[in-house]
Structures are given as structure tokens and as C-alpha cells.
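As written, the chain order gives the labels A, B, C, D, E and F, with residue 1 at the start of each chain.
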């Protein structure tokens, strides 16, 4: 039986993806409070946001790097230089991940399109984003229109507690430019790109039909200095509450 | 014989285009100093600049208006709205006219490309223009690549004292979208679009191969309030010099 | 009696303004679901927003055009050019229409003032709008102070389900500059300018006391290419719901 | 007789304004090289620029402060707040001083007009300045039009080696708002405002016809930390040249 | 007994800080409705916001001024000039006051950090603020890291109905640069800087451990022209409601 | 003997670094015109500029990537996320390379300082660069002050026809943060960082005293798609001249 004097472990668990971890924690008799389950009144997930911000910003950084020829890409500089065409970046999803990815791509001088079905959010982004970000309503037809032009596609569609919809299927790849790059930030929830499967920082990319796929499941792990601070900023108030009030009170 | 006590007429003349005017002025025995021939040490033409600024800014305003369906255009709003594709504007030439046209098109939210062969100028524009203006080196191939996407093309190639090169030929028109609009600001110097011929504010447009042409030769004439002030700002120092020093001294 | 197998017509109806249409639809026995009555939980009208965005952006485009002398205006270029005074634009109302109108006017380089009684909205606009847009609390005194300076006035006050308040009365017109332009986007709800009455794209303007009035009731109709896409983006999710769930379920 | 082994004093001298200093330096037999006389090939004065930059930025800071009621001003906040009118700032002269003053005033949210007769410079400023800075050609009529609206006037007209022209005369003051503020940065060259006379940091302001005048002759002296660094940045290369090559070689 | 026909006084009262005022008002038998107690459904205080906006914008203006050497500061220009280090501004609190203070400091060209524990608000500011404003989570460690670098610290932490937390204690002052400046806008609620105590416009500053403190309790009082308009904008709708409906109805 | 009918080879040669190439070309009897020696009247090198632009933009991209932990860096995200400190980028040199590097770093949200001894250039950059780029005069003391804070240092000091000065020496490295990154774009001219030596895309980095060095000599080679277009834009006019006029005339 659980009591107020038990050990509390407050961190990311992702029990669903690891039965071993689940078993071990059950045996440990510790109180496990998973970061990923902390929810605010408006159903937002405050302890996932910082990781989404970092993953979004990194997605563009990775895309830019893997577009280089020696990395397997088509040898395009995202922002081009004066007198040349800019690279085209297509961002699917305008939540935290997509917004941050688009902002960085705009900062590097690319021609950016961000797509979503949430028109209110597109309107907000239209008001606050740099002028080289344009917004498009997300439909299969629009995606198919823009894919052949894209140098970099960033999959950023995450639906809380559900599998991401597969907006890009294998058949689309052959319409794309050889050496173009796809980064799927939703890969650990199934991914919004059919051909994506999780990779690691040791071996981050693979090629399908000439298109480079970057699908590292734990992107923020590459910038632990920043990630740790961002995460602590978000968890601190909850940790203090647990410490001060005890987990029984705090969790209610 | 001309003397310091003769009447001086200081205005635009454009003698080449009007033998009658030339004859009449010769007979009048007045001293005619043409605005269009006043040249600075760096060979720039200071009394043409204000009209170029106005014509450039108006070119976009006209293009936006004539893209409306009731005006004959394809019914596109230049900047689109959040969730729709932006209109594409192609500006040929990055001198005063092209720069001002591009700035206004960017201000209306369009996706703008400005083309020229002057790389140093493209670099400057890349540094100071809004992010939705991209620069491209001007080649026949690049123009042909962008024309089919364009909703509005603005011809702004003027070469001092020479006929503007015809960058767009009749054969290009059929690659363009029906109802797209062309504004040729260089029309009074022969135009940089083959199918352009001068029109007037009374009857400003005509259609060739489905493409609307706006070619009013004297665009600034439509905004006399602004044009007059802009012109006087530029001519005043010269007029004062003529009045104070006499034309013999001033013109040397 | 209505049933789940009846024909459903899902479009704009505006029954109030057309008894004939109303009668015809009643006789047709079809299920009529009017776009303009679709309401979200927060009482916003999602299928009116895209048309407001387009009308707002067009309002400035029309204003700029009709300020030209050959169109009947005072011959002023909205943004002026360096060294001349900028045109003054006064936007009444800071909802969707007013915001988009102000953004375009700022993009053309004008000196813009946007007025409303909603201070929270003015604060948001102050944070995200270009620096040449300033905000003013809307009072009769403030309107009277700014009208004599204005080159272009855009009426954008719409109150859902109510007649727009007449902020500008006939007596105000004589304080304005001859040839200045008024665009009333609220004209189909009675207008917020007393002297406005609906016009059409064929004959869009009329003059009262020297002031040009542009009052086309269906402005987005001039850019059908953009309007259609924008509208479909907004209606698609509702249409799909009607198709998938049937109108009985969907409408509840 | 002067020789290469003499003592060299390299600093600001402004001999013209101090016969005592001139005499003393002559007696000292030192080689005096005045900062204010160092000239580049293009006749610019590189050792005056940093002080002009600082004075320009400070001019706005002082103006904002002295507009406060307890300081004698009319009690206006330069940028206003959302819903209120912004303060109007008129900057005369678009050289270094005027440009920096205008930039700061724009940064504080004011409505700024910068005036000059140099149209090319106005065009450059129009391209790079924030959107709440507008440019006007400088004429007596334009100044008289804008003075009654101005909350803050900054005199920044300096003509190298000549007395600044008196663009604002005493008779203009009564057209201005009581409690408005004038800062004349050109005061040590006679000033471009007739009623200005040099003041000091101890007693910086005086009132003429209801208008507060701030005319501290040595404004950068109030921020010695910044001024010293800025000055050393500019003088260092010259000082090194003097030290390495000797003054005889360096000065040729 | 109170009735609908009694005199109503609708203004700021701050009864807690003045027993005399409280007594007098009680005796007067007037209906006293305090601006500071008007609350919206979301618990925001609409009649305090305009004063916070003004105080926030002024805080930077005062800080810039008091950093001047003759005013007692360290002689630093907030924005520096090209080639010199910018001044560092630390803003504690990202509510209305802190946001406006940061915006002005950014406008003057400083290097600005704004701190708070509200991550959602920091994210919004990161999206809409100028690029020279960076956001930091507020912790004692972060404050201690940034204080030694700061030229200007603005205390803007206000907690509705509670004493502001003392984020900066006396012991911190000796880690700061001599002549740096602190402005505590929360001083009338106890202040978020331990060493602050209310001052007046007549004698606005004092020095503790070499750090200049500006703690005028009623900052907006210095710009009555702006403050009055801003306040009336906010109170007008409430005053009209009181006048039209009577205080009994209006207050319910 | 050379004649107008000889074969002409017009490309980069860099003869100095390859005696074998030199010998072979001498034997070939071809006319060799080296891109790197084409000079304009103002002594600028128009065929080197595009490569500098690309290398500058890439320098930041590489720096961001190698700051990742798995790449050997300290695990910092250049722009941070809201609530965390931004990365600090120090750019040495404000020519083409440095300017483009700084612009990209600003676009990624970093805190950027660009250093040079050319004050006029720093002033221009201060006017046109994003607000998170600050300028500093380059001195040994300033470099030593900023190095310990830097996450990324970009060496971009190139002096035409001369060895780059070694602004950072080996002794400086131990003052830097472990895992910080240095990119030396000047490495093929000796480098402005003492510890840099040329590397290749196959093995781009090495570590000295805990600091990661990225010194690929031919950075633009990684984005051949962009580089080729940029280079052809610049060389085309010269190639046409050679083809049309013959090398004898063209080279005079």
C-alpha cells in the first residue's frame, strides 16, 4: 500500500514503451509520477513543452546540416545567398515543434511554408512570424503540391495521446528531389511520415527512394546543457510542490 | 543669340519624342533646360529619381488592383490570407523603380522575387529588404523558370540613355497563368516586355495571350499631389541656383 | 417533415435580405444550413472570418487605387516617397477587418491609426503591428480630431448580429479634405459611415460632399481565386462532418 | 623650431573658442594635434563621429526626461501607451546626430519626422529606419507646418567648419505647444535654433516663450564611461601611427 | 443608509495607506468606488493596467537618465554606440510593467533580459519582443548571475493583493557595479528590492552601497497629459455604466 | 608564345599552394586566368565574394551542429529556448564572411557580437543587422573579455593578399568553456586562430585544450548546388567577355 512516506520518483517514464521499466518500478514500490502525464487545467502538458521547443529548433539545424553533400544531402544551403534561389522548407504542423522549426528556418533565410488545419493558429503565426514564413491550410492536395519543391520537410504533427496521422506516404517520396531531407519529430509517436522509423544520434539517418530521413527519437538529448535547464525551469514548481505538500496532496 | 537676360524654361521636355515641341521651343528663343538632362558628377539623374520612386510604388498598386476579376485579372489577392497561397510577384530590375515596387509588394504580403545582373545591388537589397523579398540573378533561364508561377510581373529595367532590353518576349506569355498581370514601367523607353505599348490613364490596359498589360506611360500623373511635392523637393536647389547665379553660370 | 435523407444545402444564405430566396428554399424542402450562422463555443463565427480577412486587405487596396486623381481621388500616393508627407489612414474598428486593413496600409508605407474601444485588443495590436500603426481609443472627439488629416478612412466596425454604429455622420464630411476616400466594409450591415450605401463592382464609388465613397457590399467577390480557397479551408471540416455524421448529428 | 623629438599632445583643442588655451599651448612648445582637425580623404572627420553618435542618442533621452512635468515639460510620455496619441518628435538634420536621435525616438515609440535637404540620405534612412520614422524635405514651410504638432524638437544641423543655419527663429516658439522641449545639439556651433545658448549639466535648461530649451554644449560628458571607449576606438589607430611613425610622418 | 440617490465618488482611493482618507470618506456618506478594486471576470484589474503601462515605459526612461554621471550614475549610455558594449538591463517580472520597460530598453538599444517564473508568458514575449530582449526563468541563482553585469535593474514584480517578493536583498548590492541604477516600480506594494523605500518626484533617488535607487511611488504623475488620457480611456465605460444604470445596478 | 587562338582555362587555380598544378598548366600552354585574381577598379575581388558569402553562412551552421554533445561540443542549442540563456557567438571580422555568419547566428536566436577595427563598417552593420547582433571594436582586451563567455567563435578575418592576423592564440583556449567550438573560415590563408590547421569534410574537426576546432578549408564544397549557381552568377559576365572579345582584349 502506498503512503505519504514512500520514495517518490518524478521523471519521464514512457511506461508504454518499456515493460521492463514498468515491472521494475512496480517492484520498487516507489511512487512514480511521470513528467509526461502532468496536465494543466486546459489539458496542456507543461513538462513536454520545453522538449518540443528544443526538438523544433533542432529539427531545422539537423535539416540544414544533412542537406550538405558530404552528409548525403543534395548540397543546398538553406538560405542560399543573394542572387540564388532560397531553399524551400515545408513544416507540417504548427504546434510548438512546428512553430520553432519554422522560426529557425526563417532565421537561416529559407523560404518557409507551415501547414496545419488549425486556422486560428495559422492566423496568429501570420501575425507574429517573419515575413518569409507563409501559412497554408493542410490538405493532401496542398502537401502534394509543395513536396516536389521542398528541400527540407519537417514533420511536426503530434496529437496528444494519439498516433500522429501519416501525412506523407512512401509513394510521395518519388515526387521529391533526390537528396532532399526529411526530419520527423513525431517519430516516437509513430511519425507523420510513413517511411520514418526511430534512429539514434550514433546513426541518425537513412535513405528511402533517394530522400534522406533524420529520425532521432530523442533529439534534445544532443544538447543536454540547454535541455536540462529548460526542463528544470518547467519541473521546478512541481517538484517544490511535491516536496512541500507531499505527493498525496500535490497529485490531487 | 542667347544671353543671360533671356527667359529660362526649366522643366521636363523629352524633345526626342515630340518634334513639334522642339520646333516651338526653338522658335520661342527661350533657354530650355530639361529636367531629364540634369546629371550629377556620378552620372546619376537626380530629377528622374522622384518619378521613378513614385512609378515603382504605383506599379504594385496597379498590379494588385488589375488582378481583381472585375478589372480583367485572375481574381487573386496579392498577399492572400492566412492558410492560402500568397501571390507571386516577379520584379525585373533592381534600380529605384524595382526596389520601390518590390517593397510595396512585400508590404502587401506577396512572395516577391527581384532580379538583376548587378550582384552588389542584390546583396544590398538582401540586407535591407523585408524577408519576403528574395533576390535572383537575372538570366533568360531564371526568368523562364519564374514566369509560369507569377501572378504579377513588373518590368523595371531602365538603362540610362538606351532602349530597355526586351527580357520578356511574346512567346513567353503562353507559359503564364491566364489573367496574370504585367506592368511595364519602362514602357516609355521601349519597354522591357516585348508586347507592351504605351497606354493612358483613360484606357490603361489591354490583353495579349490572356495576360493583362498595364502600360501607362506617365504613372506619376495619377498622384499629382505627391508627385508635385516630390519633384519640387528635387528641383528646388537647381531652380534656386538658376535664379541666383543665372543660367550661364549654373549650367557650367 | 425533415429527415436524415433529405438534401442538404450548406452555403451563405443571408435570408433576412432576400424574402424570395427564403420562400424558394422553404418550398424546396431542402435542409438549409447557413454559413453565417455556424458558431463556435466562444460565439465566434468561423465561416465569416475568411471573408473579413479578405475584405480588410482589399479595403486598403481599393482606398489606395481610388485616391488616384483619374479615379476621382485627391491624387495622393498612400506611402508617399522619401521627402514627402505620408498619407494618413484612419481605420475604425480593430477586429479582423480593421486589423488586416491596417496591416496592408502599413505595408504600403502610410501613417496608420487604428481606433477601437477594446483596450485589450489595442494592446495586442500595439505589440504585433508594424511601428507605423498607432492605436487610439475610439471616441467621437478623437474621430473628429483625426478626420481632417485623413486621406483614407476605412470603416470596419461590425457588431455580430447588430447594426453597426454610425461613427461618422454626414456633417463630418465637410471637415475632410476634398478627394479623400472612405471605404465602408460594414456597409452590408448598415455601415458605420452614415453616408454609405451599398454599391457594386460595376459602379463601386460615389461622391458626397467632395469625399469619395467606396462601398462594394461583396468585396471578396473581386478575388474569387483567393476567396474560394480561403472559404473552403474554413468550411471543409464542417462539410466533412455533415457528410460523415449526417446533418442531424452534426448540427447538434 | 619643431622636431621629431618634441612632446606631442593629441586631443580635442577647439582653439578658436579659447585664446588662453591657444596661448598656453604655443608657449609650451608642444606639438598640438587636434582631434577635431583629423580628416579622412573623403573630408569626413572620424574623431568627431563618436561624439556625434553619443550626442544624438542622448538628445532623445534628454528630451524624453524634460518632457516630464516636474522637469518643466508638458507632461507627455514620448511613446504614449496603447490607446493614446504618441508624442511627435521633429529632428532637423539627418547626419550622424539626427539619425541616432531619430532611432532612439523611434525606439521609445514616438511618431518621428526627420528633415533634411539631402534627398539621397533621406532615401537611405527611409530604407533602414523603423517604420515610425518618416522623412521630409527641409523647407521653412515644412518646419512651420510641423512645429505646432511637435512635443520634442531636436536640432541636429551641423555644417562642417561653418555656423549652423538658424532654422527655427524666436517667432516660431509661440506657435508651439507650451511645455514642449527643444534640444539643440549644434549649440556649440551657434545652434540651429535662434533662442538656444549653451548651458551646462549643472543647469541644463531654460524656458523661452513657454518652450523648454536643453542646450548642454558637452552632452557626451554625461556618459564618460561610454564616451571614453567610443573615443579611444576612434583615436587608437591614429595614436598608434603617431607613436610608431612619429608625428612628422604621420601628419603628412 | 446608502441609496441610489447618493453622491458617488469613482477614483483611486488606496484606503489601506491612508486612515485619514478612509475616515473622511466614511463621514462624507458618499458612495466610494475605488478604481483599484474594479475587477473583470478573469480577475484582471482593468483600471490599474494603464498606470502600469506608463510606469513600465517610464522606468526605462528614468533608468537611462539616472545612469548619467551628473545624476549620480556610472556614466553609461544604455544603448552604447557602434563599437562599444551595450548597457545591460535586467527586468524582474514580465507582467505589464516589465513588458513595457523591456520594450523601451530594447528600443534604446540595450541588451535586455526579462525574468519571470511564468514560462507561458516568457514564450509569448520571446515571440513578439525585439531580438535584443532575452527571457530567463527567474531563480535566485539566475538573478545572482546577472546582477554583477547589470547597469540598470527594473523591479516589476507585482502580485495582485499581496506584498511583492523581495527578489533582491541588501547583500546583493555589493556584487553590483558602482553607479548602476535600480528602479523599483513595485515600491508602493513593498517593493521587490529590499533596499527600496518610496521617494517623490522632488527627491527621487538615494544611494545604498554605491547603487542608485529610483523609487518614486507615483511615476505616472510626471506625465499627467498622457496619464489622464490613458486613464479616462479605461474608466470611461465604467463611468458611463455608473451614470446610466446607477451604482447599485452597475456594481453588481 | 601565347596567341588569341589558344585554349583558355578560366577557373580557380591557387597556384601558390600547388607547384604540381603550376607546372602542369605551364606545360599545357593554355592561357590560365585565375578567378581569384580578377579585380574590380575598387580592388574588390568579385569572384571570391560568392564563396565568402556561402562560407560565412555555413560557418554558423557548422558551429551550431558541432556544439551538439554527440559531435563533441558542450551540448548547447545556439538560440536556447524561452527561459534559458542564449548561446553567445563571437564573430571576428565584419567583411562578407563575418557579416553572413553573424546574420545566420542572429537568425538562430543567439546573442551575437561582431568585432572589427573598421568603425564605419560596424556603424553600417549596427543600422541593418537584427537587434541581437552587437558590434565591438576589435582589440586584444575585448577579445579576451568575450572569449570566456563564447559558445561559438567564428574567425572571419581575411586580408586580401596577406596572411590573416592571429587574433586568438593557443594560450587563450584555456580561458574558454570546455566543449565550445571554433570555426576558422580564414584557415586557407593561415587562419586568424593560432591553433587552426586545415581539415576536410571527411574529418572536419579536432580538439585542442578542450575546444573543438572546425577548419574545413573548402566549406562551400559541401553545398555544390548553391555554390555552383552563386559562382556562375559572378563569373558569367567575365566568361562572356572572354568568349566575345577574346582573352587578349578582355584581360586588358
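Keep this in mind: a contact is a pair of C-beta atoms (placed from the backbone, for glycine too) under 8 Å apart; a residue touches a chain by one contact, two chains touch by 3 or more.
From a predicted model like this one, the values you see are computed outputs, not experimental measurements.
*Asks:* Which number of steps is the smallest that gets you from chain C over to chain E via touching chains?
*Replies:* Each step joins two touching chains, and the minimum needed here is 1.
*Asks:* Work out which chains are contact partners of both chain B and chain E.
*Replies:* Both chain B and chain E are touched by A, C, D, F, going by the contact rule given at the top.
*Asks:* Could you quickly compare A-B and B-D and let me know which has more C-beta contacts?
*Replies:* A-B
*Asks:* In angstrom, rounded to a whole number, how far apart do the mean CA points of chain B and chain F lie?
*Replies:* So the centroids are 38 Å from each other.
*Asks:* Distance-wise, how many Å sit between the C-alpha centres of chain A and chain D, to the nearest whole number?
*Replies:* Measuring from centre to centre gives 52 Å for this pair.
*Asks:* Round to the nearest whole Å and give the separation of the Cα centres of chain C and chain D.
*Replies:* Taking the mean C-alpha position of each chain, the two centres sit 47 Å apart.
*Asks:* Give me the residue numbers in chain D that touch at least two other chains, ranges are fine.
*Replies:* Correct list: 50, 53, 80, 82-85, 106, 109, 119, 123, 128, 137, 229, 233.
*Asks:* Which chains touch which?
*Replies:* Per the contact definition above, the touching pairs are A-B, A-C, A-E, A-F, B-C, B-D, B-F, C-D, C-E, D-E, D-F, E-F.
*Asks:* So in the complex, which bits of chain F are touching chain A?
*Replies:* 50, 53-54, 57-58, 61-62, 64-65, 67-71, 74-85, 100, 103-104, 106-109, 201-202, 221-227, 229-230, 233
*Asks:* Taking the complex as given, what residues does chain C use to touch chain E?
*Replies:* Counting only chain C, the residues touching chain E are 117, 119, 123, 127-128, 137, 139.
*Asks:* Quick check on the complex: what are the chain E residues that touch chain C?
*Replies:* 46, 49-50, 53, 128, 229, 233-234, 236-237
*Asks:* So in the complex, which bits of chain A are touching chain B?
*Replies:* Per the touch definition, chain A meets chain B at residues 80, 82-86, 106, 109, 111, 119, 122-123, 125-126, 130-132, 134-137.
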